[in-house]
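In the two complexes that follow, chain A is the common piece, with chain B as its partner first and chain C second.
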Partner chain A sequence: MTAATLSPARSPFRLRVGALWLAAPAIAFLVVFFLIPVGRLLFLSVQGDGGTLSSEHYDRLLHTEVYWRILVITFRIAGLTAFFSLLFGYPLAYWLSQMKDNRRNQMLLMVLVPFWTSYLVKAFAWMLLLGNEGVINRLLTGSGLAGGSLPLMYNEFGVIVGMVHAMMPLAVLTMMPVMSGIDLRLSQAAGTLGASGAHRFWMVYFPLSIPGLAAGGLLTFITSLGFFIVPAFLGGRQQTMLAQLIIVQVQELVNWAFAGVLATMLLATALVATWIYNRLFGLSSLSATEQTGGRTVDGWTRRIGFMLLEKIASITALATDHVLVRDRRTRILPAYSAIAIFFLVVPTLMVIPIAFTSSRFLEFPPPGYSLRWFELYFNSPIWISATVRSFGVAFATAILATLIGGMAALAIARSRSRWNGAIFAFMLAPMIVPRIVIAVGLFYLFAQMGLVATNAGLVIGHTVLSIPFTFVATAAVLKGYDWRLDQAAASLGAGRLQVLRLITVPLIRGGIISSFLFAFVTSFDELTIAIFVSGGLKSTLPKQMWDDMILQLNPTLAAVSVVVLVIVTAILLVAERIRR
Partner chain B sequence: MSKQKFFPVTRRTVLAGTGAILATPAILRHARASVTLTVADPGGPFSPAFRKAFYGPFEELTGMTIANVAREAEPTAQFKSIVETGTFIWDVCTLTLSARKILETQDLLEPTGVEAADAPGMISEALFPNFVGTDVYSTIFAFRSDKMSGEEPKSWSDFWNVEAFPGRRALRKNPIDTLEQALLADGVPLEELYPLDVDRAFASLDKIKPHIAVWWTGGAQSTQLLQSGEVDMLSGWNARLQAAIDGGAPAQLVWNQGLYSIEGWGIPKGNPKADAAREFVKFCTRPEQQALYTSELSYGPTNQKAYDSIDAERAKVLPTAPANISQMRLASEDWWSENRAEMSERFNAWLLI
Partner chain C sequence: MNLDTTNPPPKLLIKGLGKRYGDITALEPTDLVVNTGEFVTLLGPSGSGKTTMLQMISGLTEPTCGQLQVDGRDETTTPVHRRDMGLVFQHYALFPHMTVSENIAFPLKMRGFDAAKIRERVIETLAKVQLDAYGDRFPRELSGGQQQRVALARCFVYRPQVVLMDEPLGALDKNLREHMQFEIKRLHREFGTTVIYVTHDQEEALVLSDRICLMNHARVEQIGTPREIYSRPKSIFSAKFIGLSNLFEGEVSDAGNGRIVVSNPNGKFEAKAENCGPLVNGHATLVLRPEHLRPGPAGRGQNSITGKVSEIIYVGSDTRLVLSLDDGETVSVRHDPTADLPEMGASMTYHWPVDVAVVVS
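After this line comes the complex of A and B, so read on.
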């Protein structure tokens, strides 16, 4: 922590201005392509019939209990998702961070596998696994472990399984770079001073990993707030999330004023929750504001936090030192990680045989095998052009978002401006606003700019959605970054760009790669913006899948997933080769 | 207004190739040969079926080109955006009756110019000044015949009767049609459904609530539920349920007390190609064209004369076949457009209790 307090505080005024300036492209981009279009739409919520200011739509909200109940459900599901993603993702991220680079990159491929399967396809894979007549229930009843089918789906459990599965890679990828940056000698030092294994972990390692934990928690929580596919497919009657209601208002009832009200409600409460979270768990450490005000507040929460950790450490020390034999303990982590990775890849593993099915349905196990779905895919110019476009758009989005999001993160990390908090919140805002609201707003803007149904329009829209991810992922690694290295280089005569190119960027490479992947995947799997911006003319892969599955689900989707998986794996392996 | 110039140009360049190939020489065609209509249909199995029935033959006849794209299940938001920004990326789009009503209220639809006299044989419910119905779908229920021993369920009262017909059930997570089903189960005659007695409907729903294993949200999901045997009995759209049966699922449809509705073409208001669009829409009322899609889609033609050229076996699974449509009624769009927002709120609240 001393490293962080040393540098920016003493920097000359010139540097501070220069640092904040780095956030300008991201701010300008989001103002034009996010704030203005969304603001115009949300403004409808305070307009009456004649275009005058009116609170009539908000009155309706105040007097209807159901929206508040659904808000609570939305928060509960998002909260549980974030909690379990961190809980199950943390040991996995730890295990990965301890590995040598080569092996870690191979293992990361496995963690990334769920990313490359469209969430539409994943939702259906879970339905096949968790259903009443699904794979798990057949295994359980077949082996006599359960008397009858267990209710694994169409309830909260099903939703959480589907959502944790979707969010865990995000949590792992956010935590891992931070963990890799932790100096393990600190733990060793604690050991030589007599701390037990449990104390070393809870009192030294764990607090140092909190920035990653906080970033992962925030990203998964806020992303989960906007989910609608998973609760629609895996949920029961009580699992309705706010995004689903907003979509109904926008698309079915065409009451955009009330959609604006609901979107504002989600936005406002998400901001409040972020603020509380920030206060309680010291999330502000991410935006480097801890060095300025709020020290006293952080002080007592931190003391309580450490007291708690001390207790946890003592309890775990008891458990691990006395119950478990030493050499068995070292096997627990790899075994756990293997199970976690299996959980992540199992829906994709199911998709592979389904792609070769002879049936017209997504069935598991397939009743017979054939190549007909691959033939359909490769003979369809529509599918092929959608695939090519998706890769191109995702690649362009990843470069743009990593660049301007990363620069903004650098700005925040290097500056002590009081605007940091506001900029930080602004960078995350696209995550909180439901995508359908952004999509409708962007359509209006793009129509005026002639960008509807263009690849550029898709790239811009996807970049808006990706900036929060690239920003947070880069900010998280910069948090643990030792700025004295930059100063050392500068004192040896390196110019600012040279420092950035030769020192900063290579050292935070892990974060930059994560950013790039996040942005790539966000674009690659994005549906809502594509629906509006493409208008059906410039179809991307998820849009094409969606068109195909609105009415009828067929195994072409599985075949497409397999093709994508093969291409991506090949690209990643080649990239890995080149880098070495 | 540079935006209005941008569009046709980009689209034309993209589609020029296709247009050139398809525009085979003919005397009549010359003037319109370069016109391309972008038609938004529901996608999936609709695209090839409509190409065979409507797009291909229309291109053949007029020399115009039809570029079809897939639209959303509820394209109202996009439709509104298209008209309000004057970005006519679609020239014609399929709408449900409820979408038609919403768009009409917001004055977003162009008149189609099709009169009843222009289209003999069309069912009267399928024609509006700004809408021409192409197909009829109905909300009915299906059951797994392998799970029903003995008597088969024949009505919504049977669906509600969990003692006589045990098994897992699914309903749609939406008040539309579900409230009607609850009233029918409670003994309200089909003819006297509207206006809906809402309190009675929810009281009836209370009785079935603990027995509903799945509340489905999408058409593809309903097919999957029936096909995989996840549930034994479920409400659904006839073609989605039929898809499971065509795929070999041992199931039967119950047409009795069904509610049907209509899908058809609408033209975005102010569309510069409205004349060509109207010509296309009128073409789609022809019975011999409509009969062509029924071999691939189990929806009912809106022109009853189409049944002259549909074989009797296929007619059995189509909603507008006389034997089926006589057991059903049109769902009231008027009632729903009045009450939909309120019913959605009440239904959502009811689900949470």
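After this line comes the complex of A and C, so read on.
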């Protein structure tokens, strides 16, 4: 037994160093497989033919109009997605935040399941719904509401619908913790001081919820920026996004330098957005582990903001207080929330009837039911090997990410070093850098290391993406952990490892298991890295789906989607069980 | 005097106001009249319905039955922001995203005051609560006592006719609490506001109130001035909740001459019939305050009791003795500071005049 375990207070230096060492594996891992690959990709963009510094690739970007257009489209789609996700997600998050804990956890599943459902399954479901022969068009023409098929897909409308559906859960899940942290007595107090419903909302509740709104906006914007699945399937030529262009540059043209240029553009935008957010609200409020008090900036911006909100409040007060009857007002929110949840959950469920169709086509409603597509899936060596590979990779990823992410969380929780903030930000960084940038960087690195098309390469890549989740989940439970229990165990004669094994880990088991499951689902659903790193016979399930979907839509995809849906939902239910 | 004017309606008239949540009764139908400028305290243990009552007066909770009149107008269903009332919350509920000045200006803005008037009022009110230099701070930069003063200022700044306070001093330590009680009294006097104050602290209620409304089990136990409730409790609960009291339980009989007698194994104790509430089955409890007991045997018109001194408790300003009677009952006595302190275990006799005792059922 060392002196440090017995009397941590008396040897602060040893303890601090000792605790921070726990973060070393995570830091080393992220430096090698995240920082260096991304850095090298950025460096490629300024390298000329002879290996000299050159701006030639940037010149090409600047002088080619089509790239400019793609850049503008990407920002436009990401911006619109973030805007609509916040707009439609805000009332839902508010509704959820007002609920009692038990009921909220149940209702939250309605957001969590769509959140963790594979983007591919969601895109596939929307193709079934929005296509020319899709469900919505059939309903419209069938009921005589529309003369012919409406163009719902392969245009901006289709992309935005799909993107908002994909991003809204993220927005809701980021805003909700901030909202439930707002003291409801403040609104009551405003009421007793003479504020109408509209004034109470705009002048008290809304400003207090802005940190959540900003965090939700940041995360949805950054994620949308590097998105390619939805635009690839639901968009037309006019909706090509930057990430799609990167994929083409790498896979078809093998133009690394120009891919680097595009990646730099993506990354720079993401970093600027994050920097602005950090200036205004502080990065730590991104994770639920920190109290989201935010910084109150006193200055003209705040004052102008208030004046603006006061005006908005007065205008809405006219509408709500005079037009709407009181009883009706209280029913609007639940009704809206029901519609929002319907929008999040039901489109995905469309794949279920299609999976059981007897037809060879994606007809809705199916002309008859059969299990033939499931049979085809279970008898196909390609699909089964992809499924088995996905399971194996997800399992390995979950163990690795939970272990090193959890140790890093432990390090931060135990240490009071001034490096904490930097380590915290570094652990979250893979969440802020667009996935496509990480994926291309890793592909370049793996190509040199011979890790392309290997399971090890996939596990490494997925672990990079999972570490922020496992780190935050474990840090959250450690925040409420009573460290005196460890001291008590040590004083009773337990060594450092025994304390960890017998006291700390059993007590934070819930957090560890949920971080394991989240890492598992992250890897199981992951496509971006798999597109580059897996291939041919070494495909994962999402990669196999992607390839199939690009070739041709068929009912087997629906059967596979159902399998994925069932697995992910089961994992979430287990996680919810354990958390209680 | 002009005989033509009828009495003006009271500031607040509460008639049969009650609240139920499903099967749970938060407040039985209750009546209460509060006059203009009065300081009335709702006093009671937690769950007695006092906060529910306050919330219904403020409009934050809708009553299940009954009526609330302000100045003779029915305001039972007026929405909270249209009532001319101020509510001071237990944990202040200051807006964290607004400065102290903005917090205080908020109710004035909601009432459409012009900017110059708002500025003037805010400065004036800040001075009244001695926070002149703190206008530009945010609430979290202030101490608990200062935050409390901001909460008071935010409430008094728009001069509501009625101020409601929900255990406003609950989060403060004892010294600060006493100081703030004084402050609240001063504001009440200066603004002439009607105040309804909720607390579970009997001392606070005695210090502040014109009248106390004592509540228990979702209903009113007794309403009266602090002096009335202390000296003439109407129930065992009233006697026990306010101040120390000795209770002798026994059988009641009429002794004639406007006297009654409560008898139990420790003796027969007389009391005036007029100090006796309605009795149930001839069973009653005699209430006696510790300061009414004097050393020495009973004379004419006096009762006495004898026991052994079993505790001597020094409480600073006073010394309290606990007397053990033969059957194990104990009696608290306030020791007369001019007399010698008795020994532990000494047998002592104390007497009291018959007319100070109160009999409750």
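Before moving on, here are some points about what is shown:
Criterion: the second predicted complex is superposed on the first by the 316 of 580 C-alpha atoms of A that agree within 3 Å, B and C clash if a C-alpha of one lies under 4 Å from a C-alpha of the other, contacts with A are read in each partner's own complex, and residues count from 1 in each chain.
We adopt the following convention: contacts are C-beta pairs under 8 Å (C-beta built on N, C-alpha and C of every residue); 3 or more make two chains touch, one makes a residue touch a chain.
Since we're looking at a predicted model, the values are computed, not measured.
Once chain A of one complex is fitted onto chain A of the other, the partner contacts of A:553 are limited to chain B, with no touch recorded for chain C. Contacts of A:251 after superposition on the shared chain: chain B is touched, whereas chain C is not. In the superposition on chain A, contact of A:30 is made with neither chain B nor chain C. Touch criterion met: A:361 reaches chain B, while chain C stays clear of it.
Of the two partner chains, chain C is the only one that A:199 touches; chain B does not reach it. In the superposed pair of complexes, A:190 makes contact with chain C only, with no contact to chain B.
With both structures placed on the common chain, the touch criterion links A:428 to neither chain B nor chain C. After overlaying the two complexes on the shared chain, residue contacts for A:207 are found with chain C alone; chain B is out of touch.
Remark: chain A residues 64-66, 69-70, 73, 124, 127-128, 131-133, 154, 232-233, 236-238, 240, 245, 248, 250-256, 359-363, 440, 443-444, 447-450, 452-454, 531-532, 535-537, 539, 547-553 touch chain B in the complex. Residues 2-3, 6-7, 10-11, 14, 38, 40, 42-46, 69-78, 80-81, 84-87, 89-90, 98, 102-103, 106, 168, 173, 209, 212-215, 217-221, 223-224, 227-231, 239-240, 243-244, 247, 340-341, 344-345, 348-349, 351-352 of chain B are the ones touching chain A in the complex.
For chain C in complex with chain A, the residues that touch the partner chain are 58-60, 79-83, 85-87, 89, 91, 93, 95-99, 102, 106-107, 109-111, 136, 138, 140, 154-155, 158, 164. Those residues of chain A whose C-beta lies close enough to touch chain C in the complex are 183, 185-186, 188-197, 199-200, 203-204, 207-208, 293, 296, 298, 306, 310, 326.
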